[in-house]
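All chains are identified by letter, namely A, B, C, D, E and F, in their written order; residue positions are counted from 1 within each chain.
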């Protein structure tokens, strides 16, 4: 009995974009999440900013949204997709000095939008790093993961925690 | 006594690219690292591939290198830099089913290349995710962090662990 | 009674791409216009060129068309759209030393193509500036505006003048 | 006596990128400006936003900065330049319901950065349009012009008004 | 009787993107091919590599696939298309020291994907050149041509040889 | 005695961007050439156009120049370079119905510009194909090769024929 394949490779091991021509377009949605752990002082400043003018997070949000649109440029075997929605949201977790990032991407298309949501989270996190690195080089980006995926033949995927 | 500032904001809180015109170019180098935790089955396949044809990791490596070159396109307030070197390397940690990624970027320029190295690691990790997601949606990307930074006025930064 | 909203913001004021997933695709068309005011000498040269080899305007036309295709890369919250047509046209108004630019964009899609047409006009105008700036730094770009928009639920918009 | 040439054309009228290889790099700076005329209701909302969370203008500012970095991708014969600084600022002119945009770009390089500053202004203006177009299609972008240019052999250019 | 037109020009000779709005989307497929002639020593090394780790060709394959996705960014009057499949394959012809490249592109869309397949071949070939140029500057890229095209009103095109 | 290496690979066969950090910048220049063989009817039309309005070749010229600026985006292991000059020229060879393309690229930098010149030629050729393909699918692109290279330690390379 055959096992599921790493579909990005052809018979001889060459990388390839999976052929989705014959698939029917359907509504697809993916949610990804991730976090940035920052120092206490950096945390305070991001929070103050976001109370005042919301900036670090506003810049990171836009960077994430724009990056989602360029996913197929960045990830070699991703299909280009006409995204119909991308959002990026933040929550601040004071006890851990942590910025939580959550992104949702949607499309009516032939393949899923997991990579778009994950790319949005990653680039939003990198942007938080970039904007705070003058005061804190020790920040860590982590827990970048797919939370939920809907649409297409494989049905719903939901991560536990 | 004034505290160090979030230099990406002007007096009135507007985002801005830090002005580095007056700085002298110098040799700069940054090393970043990160990891992808995969399932045991996925781990086995990545390993097999890399023994045979090296593919998942070869594709991820190229994606990381190419993304480093586009850092200024992705991170809103990053300066464009004529990178003189980017490398991406992997090590496989069997007991944790973990792929460790390490990137080094270099430039002779007026600002550092931390974001280039971190972007290379992040996009390499996303590419590992993309290439294995047909068999494993539960992978997690984490520990993305700056390991070392040299050059420029602020001197050497070295992360402990 | 609620007033129409700035739909690019969510409840808490965060920027977002408007979710158009549920919309039906329809044929959409937008026409934008704009002008470049140049000095008399520059005007003469553009005209001569266009009689001889049509160059300044040919280059500007291509720049406008290519920029329309990259609108979603430039405008943070624009949806990517598979444009089915873009054209850029010029008329020369001798008495004002003015180059008038008109662009039409079309798509079968879920959102309108106003930004594509406006981006084509703006980048065509910037290209005229670039190509003539060695002899005339005083050129002014203006009157960049939406002339007409068709398709989608909101129906036809037609600017008066 | 020969007149100054449209340097973007070769002898036979073919478009070309001007050869600046032999020039010495020097510090260069350009300031551009432009305006968006909006309806009174739109004006009020932009103002409210900018008092509360600054959003339309924050998004437009980032779009302008990011576009400046991609000038050479958009304007066919522009040289790629490693920008060392870009800023975009706004002032609100209540009596005219006008948003004034001002951008400054800097580089140490072989050619000037006028196009980078003008591109930043144009794309910031287009972004204002994009973000308000759901409530106001009649906005007009205009007065896009070079205000000042320094550095390089041709010396200082300063626009009067 | 009128002859077929160079459809990329309007009545007055201005370049334009052909308007395909009214066309129905259909499944389309194109196959292109091309070759790189290399020196005997270079040929030996590419072959050895591909037996060991497949690298020159793996890198070239990815470059070709990624370039296919950017065709509309490169070819001024190409329509942007949401590619559903791209593959790039190589065969090595020992007697001529020749690397043969073959690419297939597919889409469900309103225009054909010839340019995508041809762009994939060309950029894969350029990448072979880039990766071997330290040891061989005399390589030649040639025979880049459309082999087959299906879908759309014009029916099947098949090249003889 | 060791033989020259394929420098794009590290010890373990992983692809990498060659480290040029320690090199001194110098003036560099590369000339590449290539050809498009077209049908007699297509040849006549290109010629007529170029006598009248020069269009196919003007569009191809711009596409080539713009592509040269994006070489590092297309070729995975190419260094980004601040090009100081790119030109693309054509000559028409009536007896073979052939369009000859020649590109020169220049930079003051740490690595050569062969890939930029070759990319300009290739994309100009692809653009000729794109613009004529409605009337001629049998065109062939070939003889894409480096003609000359100057600057840097390795000195002058000149192709014979």
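Everything below uses one rule, namely that a residue touches a chain if its C-beta (ideal position, glycine included) is under 8 Å from a C-beta of that chain, and two chains touch if they have at least 3 such contacts.
Every value quoted in this text rests on a predicted model; they were computed, and no experiment measured them.
By the document's definition of touch, common neighbours of chain A and chain E comprise B, C.
The fewest steps needed to get from chain A to chain F, moving only between touching chains, is 2.
Taken over every residue number at the interface, the positions common to chain C and chain F amount to over half, indicating a same-residue contact.
Chain centre most remote from that of chain B: C (centre = mean of CA atoms). The greatest centre-to-centre gap from chain E, using C-alpha centroids, is found for D.
Mean C-alpha positions place chain C and chain D at a centre distance of 16 Å. In terms of their C-alpha centroids, the spacing between chain A and chain D amounts to 31 Å.
Between chain B and chain C, the centres computed from C-alpha atoms are 37 Å apart.
Touching two or more other chains at once are residues 13, 15, 53-55, 58-59, 62, 66, 70, 73, 76-77, 81-82 of chain C. Annotation, chain-chain contacts: A-B, A-C, A-D, A-E, B-D, B-E, B-F, C-D, C-E, C-F, D-F, E-F (touch as defined at the top).
Residues of chain E touching chain B in their complex: 53-55, 58-59, 62, 66.
Chain B makes touch with chain D in their complex at residues 10, 13-21, 23, 72-73, 76-77, 79-82, 109-110. Taken together, the chain F residues at the contact with chain E in this complex read 4-9, 13, 15, 34, 45, 49, 52-53, 55-56, 58-59, 62-63, 66-67, 70, 73-78, 114-115, 118-119, 122-123, 125-127, 129-135, 137-146, 149, 157, 159.
By the touch criterion given at the top, residues 27, 29, 54, 58, 61-62, 65-66, 69-70, 81-89, 106-108 of chain F touch chain D in their complex.
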